[in-house]
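Quick one: structure below, then a few questions.
Chains here go by letter, A, B, C, D and E, matching the order in which they are written, and residues are numbered from 1 within each.
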Amino acid sequence: MTMDSNNGRPLLEIQDVYSGYRTDFDILKGVNIHVKPGEIVCVIGPNGAGKSTVFKALYGFITVRQGRVLFDDRDITNIRPQDALKSGITIVPQLRSVFPQMTVKENLEMGMYLERDKKRINRQIDYIFDLFPRLAERAKQKVGTMSGGEQRMLEIGRALMWEPKLVLMDEPSAGLAPLITKSIFRGIKQLNQQIGLTVLMIEQNARQGLEISDRGYVLELGRNSYEGTGQELLHNSEVRRAFLGGH
Amino acid sequence: GSSDTEETATDTDTAAETTTDEGSAEVADAPAAESDDTMMEEACTDVITLGAAVSETGKYAREGKDTRQGYNTWLNWVNNEYGGIKVGDNCYKVEIVYYDDEGDPDTAASLVERLITEDEVDYLLGPYSSGLTMSTSAIAEKYGVIMIEGNGASEDIFSRGFQNIFAVLTPAGNYTESALKALADQGAKTVVIAYEDTAFPTSVGAGAEKWAKEYGMDVLAVETYPIDVADVTAIMTKFRDLNPDVFVGGGHYNDALLFVRASQELGFNPGAMVITVGPSNPEFPTEVGDAANYIIGPTQWERTMSWEDEYFGTPEEYAVRYEGEWGEPPSYQAAESTATALALQLAIEAAGTTDMDAVRQALFDLDVMTFYGPINFDETGKNAGKPMGAIQIQDGVINVVAPTEAAVTDLQYPMPAWEER
Amino acid sequence: MLATWRRYKLTRWLALVLLIVLILLPLPQFLAPERKLVTNSLLFSFTQLFMLIWMASNWNAFSGFTGYVDFGHAVFFGLGAYGTGVLMVKLGVPFPIAVLGGAIVAAIFAFLIGSATLRLKGPYFSIAMLGTFVAMREIVRIIKPITGGGSGLTLPPYLNRPLFYYVTLIGMAIVVLLIWLMRRTQFGASLIAIREDEVGAEMRGINTTRHKITIFCLACFSTGIVGGLWAYQNTFIDPDIVFFESRTIELVMMTILGGLGTVAGPVVGATVLYWLRDIIWANFLDYHLIVQGIMLILIVLFVPEGIMGIIGDPDSTSLGRLWKKHFGQGEETEQPTTTTEVQS
Amino acid sequence: MTVALHSAESPSPARTDQPLLEGRGVSKFFGGLAALTDVDFQVYRGEVMGLIGPNGSGKTTLFDCLSCVQRVSQGEIHFKGTDITKFKPYQVAHLGLARTFQVIRVYRKLTVLENMLLSLQWGNLTMRNKFRPNSAETEARARQLIDFLLLKRVTDEKAGNLSGGQQRLLEIGMALMPDPDLLLLDEATSGVNPTLIEEIKSRIRILNEEQGKTFLLIEHNVQFISDLCSRVFVLNYGEKLAEGTPDEIMNNQEVIEAYFGAEAGDDDGF
Amino acid sequence: MEQLTQATINGVMLGGYYAVMVLGFSIIWGVMGVINLAHGEFIMIGAYLTWIMNKQFGWEPLTAIIVVVPVMFVLGYILQRILINRIIDRPYLISLLVTFSLAIIIANATKLIFTATPRTVNTVYSGFWRIGETSITVPKTRAIVLIAALIIMGLLWLFLQRTRLGKSIRAAAQNREAARIVGIEIAAVYALTFAICIALTGAAGVLISPTTPIYPFMGGPLTLKAFAITAMSGLGSIPGALAGGVVLGLVETLIATFVPGVGTNLGIVSSFVILVVVLVVRPQGLFGGLKAAEAH
């Protein structure tokens, strides 16, 4: 499982980050996470721990007040969303983020909004349609009328359109049927192995998430409290009891 | 109280209006400092205080300014040249307490109440606009204080049975009389009327209908339109199909522009266009250009008119005096404001006392000629004596064409079709 | 928590004292009218202010609580005024009954129009009400035989300032009190629920249609009364002075300034704006509308939760935060913390 | 994937033959798309029933129809023996049906406590009581539920500022608040921490066994369904695919293909 | 019959103008969720600029468009950056109040500069064409306005459908968060949208100038109309604006023509009654729009 997780410098490094929504109150109080190229890293933790907040701080939706974020050895602290995208990070947020009045295909095209090469866009669309045949079936449907799970697929597909170096996925499996969840996790793993896609994801479906992950973090009260390989965390009794609803 | 601006104008205070805020309420009550040039007059010791709530700001700011300047023209004249109001053997200096009514009926009402109860003015001068006169005259009536005004022409002001409201201007119903009479004399037979559906234009429209019939013309159609109308094409299209001799339009300056534009665009060619507000404004011919020619408009007063009195002389003489004092030519609002105050003065002098009832009776009895025209109040307080003037734009110049006693040139009728100009 | 409670208790006492002072204020009028301690025009100013507070409270009780922004609220003022006017002038009904009649006219119309427009969401409701307002003004103009058309109606003049003072003061106080009580009930709370998520509220068992229409009719009835009072004390009504767009805008501004959806908001907002406007008027003359516009933009941008918002929760506004940063010490606002009570 | 079936053994109390909630031939069309076609189903008093199906199979649509948020295109719905097909949502709520939403619907600007207080069952309130302040009992009940859902520290926080999972928990709390007879939970545990899911599970069990509450659950959490439900109903493309005990369902080949996915790697999907 | 034809012609021309005048308002609302109550004031500024060009430099009114569009574009851009940007994520009531205050400021500043006196511009193409031997006429100014309006609308449609910026404007209208995620610089898109719409609105001011008096307070009624038409026809929908404008223009004109006496008043009433009815019956507007179904 952890075949290529030890070589090279981290692709993403979150160093002691403090951030929050109000000027005088931090939600994140010193988060440290690193992701090496080609790794799948999973963050778990109780509700309201600040997991999504980490992503928002990473992607420039809220400001980092203290600490640094490094990506590819560049300082990307408080980068703007479009620049994050340009440097090769895409995000699948926790809450819905589709263009409801556009068709599936148009939504995917928007995933490559910054790309001007039509051919490449079409190639990528075909690729996504291969990944998610369900989306291909509905290529012309207005996304607003699709079911929750279908929209989730689309969001993941759109994030992959850009051929990112790193994908941030906030609970990718939420609301997906087991079949799809499995295939998405399997797909993530596949992409990870085939093209070396690096993934940082948040999962409440912690077992499955950790199963496919190289490493994992536990986030509590705005700090990371445990860290280890996916298997270590899965078998750590402390973690099991507190976060995996373990038996 | 509210912090309305207030000022006192006396003989010493002829310059541009000084405005102070609340703290200056005492200024109104304190006798104004006498300046040297009044020494030659035998000093009048008594004072008559007049009160006026006139817009200084708000939508009537411009007209309010004219109104004040009109009142002040009279004030300066009566205190400095005329030597105070003569009542029997006594003479009275005059003070006017002004407030700014902001063009708002609530504020105006409140201020008039304050003038009566706190400032204890002897008589009231009217505000600008029919609407404000409407609400303030009720208060004057309640306290039995005379309010004489020159800027509320709506007929409704005078239909409430009030005993204390007098107006020197020709009421709205008579606005079109002279013009229609002159046109009838020239052979016009048919009339169409369009007016904005608010108080003043409605009175004008009803009057036009009445006078047209009076002078033997047929009224083919009457149309109303709402305030702030942006398009009158439909009305003008209807009128075009009726092919009338005379078009009468009542409303605002804007509407005048709309009427002219629309008839030009649609090829509506009446023999004459009489439009109540607009044509008599000097800016109208400049703005509209050639299309303004032949348009007829009623006017309360023009400096070229041929009235005369022993106080201000002819309208032209009045205008010169006014220009000297204020640096701009008088609008008719200014002239009627001066005439308003003059009428009050004449009534007080006729009564020979400042007693309210006697002055009221004297006002009802008044029948005089002034630079502004004849003044003769009927039992409702309207000035029944004064005919409305009419002007016509001729080669870009505003000329008085009616009534005959005030006219300077002849009426040009009919106007040529738009295609042929 | 305790500090908050104390502060509210203090406000309540202040309000009571103020009310008593206001009630006693016109007494000199009766005891010694010649001593001009309290003048008619002062009473008149207060009367105007009370009417504004009254109407702003009505508007807030509906729009502030339910979130349906009524941009044509002046139509109910107008209907109340015309209802009263027509009853008095054309039918000779005595004033107290005529005012009630006018308010009932307003409420009935509110019921009819509300049944249709309250199904609309957000700005669409606002536009529909604005449209209703403009249409009603023209309709009143058109039905001349009843309303006197564009020339308006002249009511019998009856200018008893102290009386109007008392009527508006007591009316206003009652309305504010009722709204205060209402906010504490399930009825009031469900209005807020409608504002926050109407579909959710409906599915959680709130009969939203009935609630909306009830509060709408009540608010409009109340505004109708104010319209009737105004008509009588102004002695003259015509379509343009009673159906006056700015009247609604004024109420909205006052409520926002004070605090939308709070009981005290309209009271505070109306009072502050009333005096503030006079000050601006006096000091800027030609520019006063421009200054007023700029001021309103600043208020809306920087104090969107209004004065009550600053008092209640300094964090909700940038101005409040600034204030707290520089002068604040006292109350520690309870901060949200993440939940990790994993095991007991 | 075969899990020990808890509730198969646990007796379902007070199960009667009169269904509490019944849909007869329910169909729902969106333009040309049939989201539900001719679905017949019953929920009996006192049972915990699961509703599963692939994404887009019409589960949420069915909930919407049951709670009258959407009008059915064809068919009838009966609740407690009353035909509620044409009812308004609030009327259904008054009858004792509460639900949660897949797309979270909390009153974002109100605090957690206020959210709870507002969700009181309205059918039990007289007009007079509507105009009275909340009673102390109501508040106590609300606080108790908040404690249970681990939301105590955010009791006075605006609901809109809660994390995704916290909002979900609040949704559940709001559905429990009015003490309804039937609860429809739409993916109530998606995004909720597994430890808390266990708590919710036991709470549901307690409510069901001790208070006889009836549940209808949409879930993608197979463990949850199999632990709790006595019966499972499977939808696929808007039609009933299967119905039975969790055991039966999980061994049903059709369901496995359409929903669970075979254990061994088959390569469709991704 | 001739009267009917004439009324129809007038109505359609009025409608064409309504349509072009409403577009800027409609797109700003659709994309940014900002209801711009200062819309009429921007038309007014456009008209005043035209008047200056016409009176000071003797330009034909329509040629003023080449000055007005860039000036208004810059004005819009600046305003967006310093003011509108701050209200985009706020409840719509906030945007209503801020833009309303903006309207007051603009109107009163204009009054201070130009006085309240209404102005008019003069064209060489005033007058009308007569159709055959009938009494039916086609006003030249209005016909030209109609043609210009159609051209402007066509260009705008192409812009929104075909260009990247157009696409990002549509995307931003549907989901801001998502638009940011895919790399759309939302602030720039908003600023450009606003600037374009204000330029468009200024152009409407140029078009309106030959047919109506120009004065500081002309904006209010225009905004009201824009509000009504947009609500009727759907946010940001160009075909919708055209249809809505023409329907309203026709209804107003036909009623005004065929009801004697109070026709013009009734026309105004009916347009608002229609508005309320349309809203109640079809709240998403008659033609969908940026936020509702978008026709391709």
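For the reader, a short list of remarks on this structure follows.
Methods note: a residue touches a chain if its C-beta (ideal position, glycine included) is under 8 Å from a C-beta of that chain, and two chains touch if they have at least 3 such contacts.
Remember, predicted model here, so these are calculated numbers, not experimental data.
Note on connectivity: the fewest chain-to-chain touch steps from subunit D to subunit E number 2. Each chain's centre was taken as the mean of its CA atoms, and the one lying most distant from subunit C is A. One inter-chain figure worth recording: subunit A and subunit B are separated by 77 Å, centre to centre, where each centre is the mean of the chain's CA atoms. Separating the CA-averaged centres of subunit A and subunit C is a span of 49 Å.
For this pair, subunit A with subunit D, the centres built from the Cα atoms lie 29 Å apart. Computed centre separation for the pair subunit B/subunit C is 38 angstrom, with centres defined by C-alpha atoms. Touching two or more other chains at once are residues 220, 262, 265, 268 of subunit E.
Multi-chain contact residues, meaning those touching two or more other chains, occur in subunit A at positions 46-50, 95, 241-243.
Chain contacts: subunit B has residues 197, 224, 226 touching two or more partner chains.
Per the touch definition, subunit B reaches subunit C in the complex via residues 1-5, 19, 21-22, 56-57, 61, 102, 105-106, 109-111, 113-114, 117-118, 131, 134-135, 138-139, 141-142, 154, 156, 159-160, 196-199, 201-203, 224, 226-227.
Here subunit C touches subunit D in the complex through residues 181-182, 184-187, 189-190, 192-193, 195-197, 199-209, 334, 336-339, 341-342, going by the rule given at the top. Those residues of subunit C that touch subunit E in the shared complex are 69, 71, 113, 116-117, 119-124, 126-128, 130-132, 134-135, 138-139, 141-142, 245, 249, 252-253, 256, 260, 286-287, 289-290, 292-294, 296-297, 300-301, 304. On subunit C, the positions that touch subunit B within their shared complex are 36, 39-42, 44-45, 48, 138, 141, 149-152, 154, 157, 159, 161, 234-236, 238-241, 278-279, 281-283, 285-286, 288. Interface residues of subunit D, counted against subunit C in their complex, comprise 67, 69, 88-91, 93-94, 98-99, 101, 105-110, 114, 117-123, 125, 129-134, 150-154, 156-157, 161, 163, 166, 174, 178, 195.
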